[in-house]
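Shared between the two complexes below is subunit A, which has subunit B as its partner in the first and subunit C in the second.
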Partner chain A sequence: MNLSISPDVVPILREGIFLGMVIVTVFGALLATLAKRMTRAVLGLIVCFLGIAGIYYFLNSPFVALMQILIYVGAVAITICFAIMLAEPDEMKMAAKTPGLAGPFAVLLGGAVTWVLASTAMHAQWMTPAVKINEGSVQQVGASLLTMYSMVFELVSIVLLLAILGSLVVARAGRDKAEC
Partner chain B sequence: MDLGINVVEMVIYLVGIIAFAAGNAAYLVWVERKGAAHIQRRTGPKEVGPFGLLQPLADGAKLMSKQIIFPDGVDKPLFMLAPLLAMVPAIMIFVTIPFSETLVARDINIGLLMIFAFASVNILALLIGGWASRNKYAVISAARAVSQNVAYEIPMLVITITIVLITGSMNLREIVASQAGPFWHWNILPTNGNFLGPITFIMFFICSLAETNRAPFDLGEAESELIAGFHTEYSSMGFGLFFMGEYANIVIGAALTTILFLGGWYSPFPETIPYLGTAGAWWFLVKMYLLIWTVVLIRWTYPRVTLWSLLNLSWKILIPFSLLNLLASAGLVKFLG
Partner chain C sequence: MLTLSTQLNTYLFIGAMLFGFGVFGLVRRPSLIGMLIAAELVLCGASVNFMAFNNFLAEDPTVGQIITLFIMAIAAAEAAIAMSIVIAVYRNYKSIETEDLVDLQG
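Up next, the complex of A and B:
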């Protein structure tokens, strides 16, 4: 039995999936900013990352979507979680009271950012969506890393090397010989 | 418009994958208990059904009929979410594992990347579960599990890159296809053209033991020090899901090792031999279950390592050697391949 999806349902499905992803992303972002406990805020951030990964997947870029999960959820979010656990054992502590001007200022700043992004989006010349932007074959990724993006690649490796050396120095400082 | 999705097929795969993951989890517990018992000169479960074969069902019924207890001070939503996070990524990963040439739910081009992306979500379950429990043992265990998983993810990914370099693909089906033929074509053996194969395999196997939190690397739930680690406060199916997630991860680790090193569904014998020579999902399962049995044997024969030696093994031995291995393999591919 071959039960395929009928053609008139497809646009509705497509819109529905996209809207679902957007709702997940916005919900995650709201949770991240409004949550009183830090761990829940990180969880919101993770939900937001997953929503964005879903949008990438929806836009025919599974490679970017999986990288988003691997790097942002698998590494960045876990590092943030770890930092919270090490720094703030008492997570019941409420956020410090903010000065009175912070609210209006934040609204202003947020509005400005939204306005700039929205006006760019409205006036930009959008390319017709590709059927397959990046199928993520090893050859493709390798070639673009070593030709078009070689500068970025090298810079990133320098930053990472410095980060590793820095963390080694920091970790070494509070340690005596007997422990090693 | 045909979306390339056959709804009936999708439902069958979905049900099949969930049943496979859950059934394996249930029966691997039985295998582990029996194995442990025989290693310790006991009989193990024997009351429920012949050879205790119905024990997993009885355990399941018991777990499901119990009450979920929320201790004082737990972060309830996070506490409920953690067991789900332990199980769902594991099921997601099964979607891309090719059990045979045709038996794969979604044959995507970057299957290997997908496995690692969702496997990294699994750490989050331990972290959130341990943290939300508000129990000091659970928190210590979560911190341990995360430092362990982060440390071993690096050599594991480097080793995987080595395999990708040799096979030239991240598609799991193509990785297996590149090892087509009898056993001397497999990546594990030096006869495959890359004489570093056995070293790569051993490093990968150690990393997969550590990534699935199995003994001798089960520091996250070291029962003699931390009660039960991150799932100390969980009762009923909350605990059950953590347990099932652990076994599903073992199955994934073994399946991945089979795909990367042991030639997936190909028969170890030349194709001219009748019956034994035919490739198929059964060969995949035979190899996978042999690996799982090895994992069980290792758990009950080796003592647990300390946290320091665990981290030293990763940072001072596995990471440098996996990087060297990557360089050497790249050289071999460049000059010999």
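Up next, the complex of A and C:
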């Protein structure tokens, strides 16, 4: 069985996969912002995160792509699922309510933000670096995490610890009140 | 057309678009959970920008990856705290819609 691909097809295939990832990201973002049911919005968020992971792969960072799937899809999306299950949003009431002025205003504001950011980025003159001191491989990321950025690394772990404690305290406070 | 994935501007546009989707969702959603989902999109837009500059313009291409990893950690902490706030709000008001969360309106 011959599985080799001719070199002419490779760039077309690459661009095709890239465009597919961009379409997946945009579709997921649309689903996350427009879906009426919150569960579907979380599903859209997951789809969007998977597309972004593919885009990270194109930016030569397979490690960050895997972390994106592990942390965002595996932790953040599941946390939001828990929030939906514990808070039971009244979806029928929300669907029946007309958005009013918020809908067109949201489109206007989102479009304006996108346009300003994108046009600024397109018209800016970026300075390309004279020399790259490394190629950003997983080994080098790990080395600089434990040398140059070790202080920030420790601080982030303190932030995560405080976040866990704080969320426990906040979620517990209402329960005490309900009991007495 | 065939160099779309090797240009900085493509990625910057994707980042700007994700940010715009996030702002759109933040304004449009009537519930706290919907706004939390939109806030995650905003964070992702910022991360895509960091990764794009990291790949194309950075002298040391580990910096952007590390910043993106930190953004992910902050996003996870933010999601956990937002979930506990949503639960506390639901317990007190029996609703998580932003319109119902008013105490000082006569």
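By our rule, the second predicted complex is superposed on the first by the 126 of 180 C-alpha atoms of A that agree within 3 Å, B and C clash if a C-alpha of one lies under 4 Å from a C-alpha of the other, contacts with A are read in each partner's own complex, and residues count from 1 in each chain.
Operating definition for what follows: a residue touches a chain if its C-beta (ideal position, glycine included) is under 8 Å from a C-beta of that chain, and two chains touch if they have at least 3 such contacts.
From a predicted model like this one, the values you see are computed outputs, not experimental measurements.
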Message: Contact-wise, after the overlay, does A:F82 reach subunit B, subunit C, both or neither (first, second, both, neither)?
response: both
Field: Which of subunit B and subunit C A:V10 touches, first, second, both or neither
entry: first
- prompt: A:F63 contacts which: subunit B (first), subunit C (second), both, neither?
  reply: both
Task: Could you say whether A:G20 touches subunit B, subunit C, both of them, or neither, answering first, second, both or neither?
output: neither
Task: Based on the superposed arrangement, let me know which partner A:L160 touches: subunit B (first), subunit C (second), both, or neither?
output: second
Query: When the two structures are laid over each other on chain A, which of subunit B and subunit C touches more residues of subunit A?
result: C
Task: Identify the partner contact of A:A171: answer first if only subunit B is touched, second if only subunit C is, both if each is, neither if none is.
output: second
Message: In the overlaid three-chain picture, which partner chain does A:L109 touch, first (subunit B) or second (subunit C), both, or neither?
response: second
Message: According to the stated criteria, A:R37 is in contact with first (subunit B), second (subunit C), both, or neither; which is it?
response: first
Message: Which partner chains sit in contact with A:V73 here, subunit B, subunit C, both or neither? Use first/second/both/neither.
response: first
Message: Please report the subunit A residues shared by its interface with subunit B and its interface with subunit C.
response: 63, 67, 75, 82, 86, 135-136
Task: Could you pull out which subunit B residues touch subunit A in their complex?
output: 1-3, 5-8, 75, 77-78, 81, 108-110, 113-114, 116-118, 120-121, 123-124, 127-128, 131-132, 139, 142-143, 146, 150, 153, 164, 168-170
Message: Taking the touch rule as given, give the residues of subunit A at its contact with subunit C in the complex, in rising order.
response: 11-12, 14-15, 18-19, 22, 25-26, 29-30, 32-33, 38, 41-42, 45, 48-49, 52, 55-56, 58-61, 63-64, 67-68, 71-72, 75-76, 79-80, 82-84, 86-90, 93-94, 97, 99, 102-103, 105-107, 109-111, 113-115, 117-118, 121-122, 126-136, 140-141, 144-145, 149, 152, 156, 159-160, 163-164, 166-168, 170-171, 173-175, 177-178
Field: Residue ranges of subunit A touching subunit B (in the complex, touch as defined)
entry: 1-5, 7, 10, 37, 39-40, 43, 46, 62-63, 66-67, 69-70, 73-75, 77-78, 81-82, 85-86, 135-139
Subunit C - residues contacting subunit A, complex: 1-2, 4-5, 8-9, 11-21, 23-25, 27-34, 36-38, 40-41, 44, 47-48, 51-52, 54-63, 65-66, 68-70, 72-92, 95-97
